[in-house]
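Before anything else, here is the set of structures, which you'll find just below.
After this come two complexes, each holding chain A, first together with chain B and then together with chain C.
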Partner chain A sequence: MASVSEDNLELQEIQKLEGHTDRVWGLAWNPTSGADGVPAVLASCSGDKTVKIWQKSPSTSSFHLKATIEETHTRTVRSCSWSPSGKLLATASFDATTAIWEQVGDDFECLATLEGHENEVKSVSWNASGSLLATCSRDKSIWIWEALPGNEFDCVSVLQGHTQDVKMVLWHPSEDILFSCSYDNTIKVWAEDGDSDDWHCVQTLKEANNGHSSTVWSISFNATGDKMVTSSDDLSIKVWGADIVRVQSGEGYAPWKHLCTLSGYHDRTVFSVHWSREGIISSGAADDAIRLFVENQDDLGDGPMYRLLSKKEKAHEQDVNCVQWGSKESGLLASSSDDCSVKIWKLGPRH
Partner chain B sequence: MVVGLINANPVVYEKKERRPRTGPVVLEDEYAVESIDHLVNFSLTFLHHIRDIKDPEHPYSLEDLKVITEDAIEVDDKRSYVRVTFTPTVEHCSMATVIGLCLRVKLMRSLPSRYKVDIRVAPGTHATEAAVNKQLNDKERVAAALENPNLVGMVDDCLAPSFE
Partner chain C sequence: MASQSQDESTSIQDIFDAALNLEDTHYKSGYDEGFSDGLLTGKDEARYVGLKSGFETGEELGFYRGCIDVWNSAIKIDPLCFSTRVQKSIKQMDELVSKYPFNDPENELATDVVEGLRLKFKAVCATLNVKLEYDGYPKSSDVGF
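Right after this comes the complex of A and B.
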């Protein structure tokens, strides 16, 4: 792939995956698929109450529908997430439950249903080791669950603190630190006190700290886990950083600081951001567009700045709800939309 | 469900004579010649979709109660953008979110899917204006609300007269 610093890259549409009968809210690439002879696998979840599993065929290099998970969730499935081992899929639904699925042959079996939230579950995330799961809801709380032997999941903590609907939760890529973002316009960081199951909020990133001025919809980390990008209804994308050595040492808490705000690019709510392993930030928004940003190598000022690498206007016919870079294959991007479709893109040289 | 009506004595305005639409407006025709008349017709045509929506509490339309007026709709067809501004009858109206939802659903069902719709209360007309506007324009909250059968029933009752 051409060097990221060259300004000659664009997203090329490889395939459009159709089948969902309502808007597609979320996507998740299976983390252990897409290399070493294992075909890439993508899960998509929808307002049609189903989850679809798409697999890339080694012979044709195109994706086909492998399975449809239906008849468990009774309302919209809002978010899905694979465990780090790639063996389990968690699905979060407006029906207030989170289901855990395991692939058995060509089918998916429901191993467990996690109940507890009072209303719609918005997001689910596995920690780096797969030992913990976090879920969040319009009930303003975040639940942390421990994965036990025998497919048991026990709630170990209920985190209160957000004053409104929590839109997304995401674990740090290497440490057991949890991040959440909300309709209350803030991002919160949660850590455990020792090993006591006593989780508490160690930092809140609000408007006053150069934070967002409206609902924060999405969070993503860079590969090294020392930078984070967030997107919001305030139409901006913000980049934050922390001292990674301090984050990893566990010696007291390493605070996150605002580094850069990207605004004036999208003109409607930015629903999703995702940071690739190669350092490209992708964003998907209600203006039907996907934009790509990279660190500005020519920066002359203090600290890193980011610039627009490429944009794909009318990437979909309606709002883009989710963008996700592939797990292994470089430059592979999936996007999902209110137009009921999922699209597969490849970043390549501009024609 | 609230026992007493939020606004037991709404002001009902005299019905204005309706201007007939000057000729057919073909929305899907991407090659239609544009003119000022054509642009005005968009606002009036879209208004036609929402003026007869029934108020949630009274047997009157939103237009009768001046919740919706002729200036209520702003259309930018080129950018596929619509903004609706409505005026609740009282400042503390808890029906504001229901009315907003009715407006959104009606437009969703009547307009081509390329349209982006923003709904807001007229500035200065509601005690918790910012909070109401935020909720009405949060797509996820709207989607979840529309999965609530009671709320959908209420919305359908309000919309029924507007489909005639």
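Right after this comes the complex of A and C.
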């Protein structure tokens, strides 16, 4: 059965990046790096309160530490995100602040500190145009900020809806629609009413809608933005779909519907999922493994829509907290872990 | 024969009726006493809770009203002192406070107004980069004699 060349693919470890002195949480590839002669740049953030910037050296093809952002956040840096232009880096910390950084020479300068959350900021995300920034926190709220000229950030709206800690926020890859997931087991979709700064929850995906039965940890979109994948403490990954063309043509909101559930693959919490441009879903879990899933091409309609492509056991010595596909280079994957390391992987033929 | 036995059973029933009625009477008087006592203490408690939460809500709304008035005065002196977005939020807060159903505490709008005000207030403070906080009901240690 399994004779497609795809089935002979596996993740090969390229490099282990060491330097963080505490668990590594989030990862972010600079979206403008990794092609056209611009060396790939990866940011990693950690419980050691620092953010490290790793750059691929063109000559040796290996990654080296380019910069360390430290002495600003006073607690764990939980999440980081590059603006679409690749010029700004936002970092969210347990110290209740979000910082905005700009690279100046080899150093990173703090342009702004966004304060407002009552406690731990868990995640930060830029919208497609880079004009809006969303943050979420253990205080159950989500904040939307607008980036204004002169490195000013205005608070556009404070959103309340989740009944527990909000784990992650993510903007849709093309539309100004915001997605959030929480310890309350739900995924919420937020949209603006006209042009009024009034943001509302337009949809809640909960257990009763084939949703997750425990904490939802992460969200990712496919390249076209018509499918979304979510991962949870309920040991499953769920794929959702929406008629995004309807939204893009301005005909109104298209609700997200449950497409399928990938269960039976994980036996511990799935902390992170990321969908590659080529359509491969990677997952990082508390069982220290990284799994890859692809859509079932030869499916006749009643079988599972996705299947396991490959599983990397013992990818790390402890929990895998984040997996991120390279923004430009195909098959390049980064993973971060409680074992204080970041690993770079390449998807290639099995030896 | 039949009628005699009927009489006997009736008289026996009468004896038990008295006992049963005794229980009923005591139950009734106990219930009445409990009801009137409960009504009194219930009213007292409700009055106390009403005063407390009414004071808390009033204090919180008053705090926002104070902030709005100061900001509005600042705008009157210098119409450009806050961005359009902040001015709009202040105006929305103003409308919310005015909309609060002070004389209709069971109106569901009341909680919506307070929730809305709290969120708007947070957004305005974050944008103005000021650390204002409504401290809430004064703690017992704050009250001196």
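By our rule, the second predicted complex is superposed on the first by the 343 of 351 C-alpha atoms of A that agree within 3 Å, B and C clash if a C-alpha of one lies under 4 Å from a C-alpha of the other, contacts with A are read in each partner's own complex, and residues count from 1 in each chain.
As a working rule, contacts are C-beta pairs under 8 Å (C-beta built on N, C-alpha and C of every residue); 3 or more make two chains touch, one makes a residue touch a chain.
Note that the structure is predicted; figures quoted are calculated from it, not measured.
**Q** Figure out whether A:234 sits in contact with chain B (first) or chain C (second), or with both, or with neither.
**A** In the superposition, A:234 touches no partner, neither chain B nor chain C.
**Q** Scan A:75 for contacts with chain B and chain C and give back first, second, both or neither.
**A** first
**Q** Where does A:286 make contact in the superposed view: on chain B (first), on chain C (second), on both, or on neither?
**A** After superposing on A, A:286 lies in contact with chain B but is clear of chain C.
**Q** Looking at the overlay, does A:226 come into contact with chain B only (first), chain C only (second), both, or neither?
**A** Neither partner.
**Q** Looking at A:48, would you say it contacts chain B, chain C, both, or neither? Reply first, second, both or neither.
**A** Neither: A:48 stays clear of chain B and chain C.
**Q** Kindly classify A:139 by the partners it touches after superposition: chain B alone (first), chain C alone (second), both, or neither?
**A** Neither chain B nor chain C is touched by A:139.
**Q** Looking at chain A, does chain C or chain B touch more of its residues?
**A** Of chain B and chain C, more residues of chain A lie in contact with B.
**Q** Looking at the overlay, what does A:192 touch: chain B (first), chain C (second), both, or neither?
**A** Neither partner.
**Q** After superposition on the shared chain, which partner residues are touched by A:158: those of chain B (first), chain C (second), both, or neither?
**A** second
**Q** Along chain A, where are the residues that touch chain B in the complex?
**A** 23, 47, 75-76, 78, 94, 119-120, 122, 138, 165, 167, 183, 214-215, 233, 268-269, 286-287, 317-319, 338-339
**Q** Spell out the residues on chain B that touch chain A in their complex, using ranges where they run on.
**A** By the definition above, chain B touches chain A via 113-114, 116, 134, 138-141, 143-144, 147.
**Q** Provide the residue numbers of chain A that touch chain C in the complex, in ascending order.
**A** Contacts found on chain A: 114-116, 141, 143, 146, 154-160, 197.
**Q** Quick one: which bits of chain C touch chain A in the complex? Just the residue numbers, please.
**A** That would be residues 83, 85-86, 88-89, 115, 119-120, 122-127, 129 of chain C.
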